[in-house]
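Paired with chain B in one complex and with chain C in the other, chain A is shared by the two complexes that follow.
Showing the complex of A and B:
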């Protein structure tokens, strides 16, 4: 089953520190830019919604055609945003939790400057593997 | 995540860190040594707060975050909670720990038999050394709160050992 999915991590200063197309569909050039645009446009909605609840997983917060944006916010106000077309909420929640653990491991690296881009290929491989597993 | 280290290793590491920074790296510049130690504490606090807030819901306001520091964060680090929390509701919090774990191994030589003329300088030196050891926990608290979105300044007060008070002043 092919699915489109675009995943980005946005730091507390609204700077994207990681992005990846993790869907299993064939990748099209224009689609990638569109996905990023939709995700960045959803940031305002996340800002408003994040202060209304103390939960970490904000479910689907925005729609675009048949694509849905889901967001997970950490205590340090780092946002994990996923643009997807599936309806598997539990799978997405588990995906976010596992990526959160990976993100904490990146933070524990003393040479990593918090808020800078995540360039580790190991992290990239792991995120893509998790996406294949849960999405 | 979550390997364990013996506590004596941590104690020795901290004592050696303070001693190295004060006596070898920045031998005659105690302010620089203090800043470096506090910066190390800031990074550690940043990482620890991210790790310890993973399982729990997010915080709705500053008081919730300070209470997290007093209870969960402190018990993860020192196996006990803060004994007393005071606030003036205008951005200043005082966290009092009646028996601060990292200072329990420090001697307080307050015997009055030392000659009266030497007493003030020796006491001042001891206080200076003890205050150096407190920059690290101050940095940890500051790093943890900054990660939770609360920029602040933290200072420590050791007027009566082994109790230790941390004063948190939230900026703006």
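Showing the complex of A and C:
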């Protein structure tokens, strides 16, 4: 498992709807903030890059110092963004694909309003388990 | 590192602009701005100042098309250690600026100028421009070297003079360059950079340096050719330099020469769009970057490193490609450049690097990236811990607020506000979900809080209380659910301490607390109803109110009102009330010093109110005011004096917030968390103000309580009507409405008519005759029951009492006005005087029965004469007295008198004494 990783789901309206620090490193508040800042800035690059390829997994698209941003864009233009410091591309890809399935299950919930925050604790546990498995 | 570098920087002649003596800052800026347009001097214009002393080394100088480029630096800067490597870093000329009225002694000025020029050892041309000289200074014929007096003239004339002087400077510089190049070619100077300055220590390095000397000289000559505006010459020298540098493995100078050659190509090809050039530039610059990297020497990395040149070259290429819109490559270059920041030794260099990266991302349109690097810049500034750095940090953070969506309202332009109102206007409960979402786009609360906190911190450090107040207010208002009560208290005290340093009455565009929403706009009470007047009819009020049993009739309804908004009419000079709800969802007691309705149209006097809101509470308050002039009244929100600053709280913002909360997009609904019930969205109605109207108030003489009547009772009542308005009542008419209208037997119309016109303050008393109606079955039961229980049943039942409708109006206005504009008829009003009649049960009839009785007949006695048949009888008298014979008939068979008695049983549940009289009616004939 990587020491630093931050996973965020950004809705098509650029609102973060799910965020999780999934790294094994000790959590520090200012580090978590920096992670979000890097991810927020990477949206600019995603916005251009997403239209240049038909693949959902855009690989590592941006970096700042040692932190790399990998992105997965769903068909509904929801973006899964992972900030990490390791280069385990295959693991990240599998992680994204499995999270995508979980996300689709959330979308199928008739009580979930697309674009609003994901508050399901079940989703949270599953995502963290996937992070432990793949990252 | 230097800010704002581009490939073309290599051909710019740097000129220091220094103030000499006392020059007021605005004037200095003005003189500097006069210089700025002269940044390019075409070679063709300087030929008159140019004299060829020797054969010019610039053989291919393009005298028709070429030009010299100037870069003016106000205030100059200390010399760079890399001057020898890149001559464009030298200050090749110094221009002093002197404002003569503030420094009268010209000799002193020259001394000061010369002293100031001392540090600019590389300067080849020195000039001191003295503006606005006095007569004595002009007459003083003494010739002073390098001092140029500009005779007082208008601005265009002065600019013309300045232009001439700049041409002179350009020509002098060109001649100096020629001299330098000729000298360098013949003798040769040892050119060093900080990179190899240690080389002086070892003799081996000196020998190596001598070998490299020629290549370096060629490169420098090329640089001067470029500065002299001759790219072809420059290119020739660079080619030689590249060859020689490669041979001596002098990578650093190789890269420098390559950089120069790219600039030469660009200057040569200026104005031509050639993709070949673009590829060439890209290829060569990548080469430049690799060679700068190669020149990295491990042993002097602690002291000096060529990394800054590598980064500068990267930024130059990025800027070049940015113009060509090659976004992907630029992003790649900038990301690489950002990585280089770690290896920069000087914090200042890192600052410049981040500034440049942010600027380039900004030009690409990557606002979020730009904001990210701007924030890095701000953090570097904040590390410096001084006031000026804090001010810079605050300004830089201010630029990021747009990308992070935490702008101060003051920075949002009017235009974008008007755009935002569009969805706000459409909110009649049908706002589409997507539209709501778009209102809260890009809400990264964590980032927004961090940015606002940093703005607050830097503003406090920079000593800008207003910015601090605004940041704290935004933080508190938008993110209170994410802040602990202790943090909220901290922000509240930050607000207070910022306000202490502000002058009283300061306004801030960003509202803090409380949250304010419209609770209700009360309509006119029925006593003050406004009725449209139809001047063509005698009964002018007819048709204005819906007639018939239906609330809605398709005929009376005109065109449907827009937006389904209700319309409200206010009258000049009559106080009005609006209910608003305030909420304080934070963990401290909020003291609102003043709150009043904010009216943009300016025709409304609002009355302020002071409110205390305890922790986590909401309160409905009544705000009032008086309309002062005719027109529309726009009430966008409330003005609040809280935490020492005046702010504007718009209802629309809170409506949007509540809408977002309902969709789960905003953190929390401030009203619900204060325990206030959910309200339907109340929108501000369209309010118009009309000119003053008369205002009648009524009261029943003898007390406004219910008029107690017993069934069947007839009584006179007086109603007093007073004109409380400022306009006389010209017309008045009384009519009745409601149930039991026939209980009003007469109305004193004449009394009212004779009192007209009723002047302001005058009053009239109208007599009214009332007759109590019969209680129904159910009513009588309840009344009786109440009577028994002792409460006397004085409660007046709604709806069973009649009301007096007084339609009244002021004068019709000028008849000519009337013809011009039908709508200008001032409306009338309607006063509803409910007659609070309480009918009590009086005597009630219980039962009646006929009793028969036989009396033996006294034959011979005839019944008395029947003349008195129609007399009145009381029930007590029945069966007695002299008139009894009428009721008696003789039974001829039995010989006796048959008598019939009618026994009536009445009950009196009241404590009153009734006198009863009987009357015979035709239908109830007895027997």
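Heads up, the rule we're going with is that the second predicted complex is superposed on the first by the 133 of 135 C-alpha atoms of A that agree within 3 Å, B and C clash if a C-alpha of one lies under 4 Å from a C-alpha of the other, contacts with A are read in each partner's own complex, and residues count from 1 in each chain.
Keep in mind that, in the parts below, contacts are C-beta pairs under 8 Å (C-beta built on N, C-alpha and C of every residue); 3 or more make two chains touch, one makes a residue touch a chain.
What you are looking at is a predicted structure, and each value in this text was computed from that prediction instead of being measured.
On the superposed three-chain arrangement, identify whether chain B or chain C touches more chain A residues.
Here the partner covering more residues of chain A is C.
According to the stated criteria, A:44 is in contact with first (chain B), second (chain C), both, or neither; which is it?
second
With the two complexes superposed on chain A, say which partner A:65 touches: chain B (first), chain C (second), both, or neither.
In the superposed model, A:65 contacts chain C only, not chain B.
Applying the document's definition of touch, where does A:77 land relative to chain B and chain C: first, second, both, or neither?
first
Considering only the touch criterion stated at the top, classify A:16 as touching first (chain B), second (chain C), both, or neither.
Only chain C is touched by A:16; chain B is not.
I'd like to know which partner A:107 touches here: chain B for first, chain C for second, both or neither.
After superposition on chain A, A:107 lies in contact with chain B alone.
Please indicate which partner A:116 is in contact with in the superposed arrangement: first for chain B, second for chain C, both, or neither.
second
Residues of chain A touching chain B in their complex?
Within the complex, chain A touches chain B at residues 12, 50, 54-56, 73-77, 100-101, 104-105, 107-108, 110, 114.
Residue numbers of chain B touching chain A in their complex, please.
Against chain A, chain B makes touches at 1, 43, 46-47, 49-51, 53-54, 56-60, 147-149.
Would you mind writing out the residues of chain C in touch with chain A in their complex?
Listed in rising order, the residues of chain C that touch chain A are 327-328, 331, 335, 338-339, 342, 361, 366-369, 371-373, 375, 404, 433, 437-438, 440-444, 446-447, 450, 663-665.
Which part of chain A faces chain C closely enough to touch in the complex?
Going by the criterion above, the answer is residues 13-16, 19, 32-33, 36-38, 40-41, 43-45, 48, 62-65, 113, 115-117.
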